[in-house]
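Chain IDs A, B and C follow the sequence of writing; residue 1 opens each chain.
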Amino acid sequence: MAAFIGLFRRDLRLALRQGGDAGLVLGFFVLAVVLFPLGVGPEPAVLQRIGAGIVWVAALLAALLSLDRLFEADYHDGGLDLLALSSLPLEFAVLAKCAAHWVATGLPLALISPSLALLVGLDPAEIVILALSLLIGTPALSLIGSVAAALTLGARRQGIVLSILVLPLYIPPLVFGAGAVEASVAGMDARAYLLILAALSLAALAFCPWASAAALRQALE
Amino acid sequence: MINWLANPARFTRISTRTLPWCGWGAVVVIAAGLYWSLMLAPPDYQQGDTVRIMFIHVPAAWMALNVYLLVAVASAVALVWRHPLAEIAARAAAPIGAGFTLICLATGSLWGRPMWGAWWVWDARLTSVLILFFLYLGYMALVNAFDDPSRGGKAGSVLALVGVVNLPIIKFSVDWWNTLHQPASVMRLGGPKIDTSMLVPLLIMAAGFLLLFLALLLLRMRTILNERKAMALRLNAETPSSRAPRAAMVATHPGAE
Amino acid sequence: MDVARPLETSPTALNKPARDLIAEDLACRRGERLVFAGVSFRLPAGGALLLTGANGSGKTSLLRLLATLIPPAAGRLAWGAEPFDADVVAYRALLHYVGHQDGVKPGLTPRETLLFWAALRGAGSGRGSPPLDRALAAFALEPVADWPCRWLSAGQRRRLALARLAVASASIWLLDEPASGLDRDNQLSLERAIAEHRKSGGRVVVASHTLIDIAGADVITLDAFAPSPDHVAG
């Protein structure tokens, strides 16, 4: 337990000390959202219709960009060997790292999404649901992303292979996350979507650390 | 029997004998199936002759799903039992499965245009099959992304197993969601609800596609095995022969025993 | 010039069951290539093993194999009478691996680094700072203990990696090129640390190009264990 907390705090401390990284992810998030109104035209009705989707897709891409930070450094400086040999099972080490990654990446994305939602003209009720959906869905993004990041350690063109692997797997959270907001726009209850999103995150929590640890062990062999 | 097949030399012998049967069998059966589907089967009372796309679309879809299942099972065998040919089988099958998925998507699109008025709709069935296609592509990208092929094979095995969760989603998507795509007509609990005159050519085409898959699989597995043999020969030819012969040098602590 | 104080490792319970590390006929495969085969040795308490050989002969692979990071392609590895995979977790708790790389994060200080790895070893809450200070002193890192690691030189980072050995309280030390980047004085403190560890019953396996003075160490030259072309079992 102490080891788990120790790893979580270390990764968080590193992410905060190299604060530039988290800032870059947020910066990309904002830029990506800003591109869409410039691309599709500023008509409020159109933007409001697709706003939730825009914010969610931008969040996905921003999360994707931050994924290679998860294991790369440890892999290249020998820390991964030591994590594999420590008293903490590798599955829990993955969980601790994903938790730190979420706090440093997913949580900030969810927290600044309200201001971005204003840029695409969503109503207050929808803004709340959007932020909530990101809050519930971003843990799944960190966890699923960890599997892909672990699988591609040491691969040629790691960035692009990682993207090809992870984006199809990100489609379910995207569908339900953006769907929650659209349901509320259409006047229906968003709760069902949010609950399914929560289920996805919980399923990822149960399944992904195990898959990532298996992939990490292969990377070390 | 799986262990008996594990010997690559034996596999090569058996596959050499089986391959012509699969290959020519596929040609014959698919030809027969096409003739039956195009000429003998009756046109649909609603769709007319366009229904004949079904005879390619549906068997391709079945193959797409089942080949992925094969890739996943072979990956599991490779990871758990480290069967030497399992990883090769998975790697060989994946592009063929991707091909079937592409045929399924393309023929489905061609069928959708006259039937639904759209080349593509974003309903659950089509979206999940599209995800399947991307999973195949991702698998192929991953196994080829490493300089060390065995590392690529192992990583791909994990990925294949992670993606298996998509298969039940595809199968049951037409039941779980209101989709434009029609629900299951053949693989149902209550038995097929399609008429025999259409079921027979459908099954013949399915059998033909299966034989085609087997032929292509055996061909690709042989090719991969030969590539590996060539690489092993080359790697070991470069080992300097000036190395000392293997001495059973046992280092013990002086004074022990 | 950084001056190191000698490292005192107290004989711990780990060294009590004086078992030998036994390797029989180990073989290792990296990718498609069989790197070595037929490596056997026996390492009792207080023993030392020196691995030499050309680049690519498999020194690092053998160390990683002993650290259970790579599975053996053939052969047996046992701790006393028990094969290592009977209880991998217990076996791993006995060893500490210092590889080529230093495992040093630029954003942390040496003190934080050692605290972290000690916590990860399960080396206990409530152990407090004395072992940490001793570790830092043994490798002359006290002056830089609170600097961010990105300010450290290559030699200092190497010493930080070696300082982990002091907080790890492991019986088996697996060291890969430990002296790389160290000047003569620090190499002496490394040799001293190794000698102290062996005196208290620990075991050391070292792979090194540079000349390290390890009294009475057995030497394995891995070139001699390369597979002959016809031995390659495909």
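In this section, a contact is a pair of C-beta atoms (placed from the backbone, for glycine too) under 8 Å apart; a residue touches a chain by one contact, two chains touch by 3 or more.
Bear in mind the structure is a predicted one, so any value in this text is a computation, not a measurement.
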Chain with Cα centroid nearest the overall Cα mean is chain A
Note, CA centroid farthest from chain C's centroid sits on chain B
Distance in whole angstrom between the CA centres of chain A and chain C is 37
Chain-centre distance (mean CA atoms) for chain A and chain B, in whole Å, is 31
Dist(centroid_CA(chain B), centroid_CA(chain C)) in Å evaluates to 46
Residues in chain C with touches to at least two other chains are numbered none
Residues in chain A with touches to at least two other chains are numbered 221
Multi-chain contacts in chain B, i.e. residues touching at least two other chains, fall at 151
As the complex stands, chain B meets chain A at residues 79, 127, 131, 134-135, 137-138, 141-142, 145-147, 151-152, 154-155, 158-159, 161-163
Interface with chain B, chain C side, in the complex: residues 30-33, 37-38, 40-44, 47, 49, 216, 218-220, 223-229, 231-232, 234
Listed in rising order, the residues of chain B that touch chain C in the complex are 148-151, 228, 231-232, 235-237, 239, 241, 243-254, 256
Counting only contacts in the complex, chain A reaches chain C at residues 2-3, 6-7, 10, 13-14, 17-18, 73, 76-79, 81-88, 220-221
Per the touch rule above, chain C residues touching chain A in the complex are 64, 67-71, 89, 92-93, 95-97, 99-105, 107-108, 112, 115-117, 119-122, 125
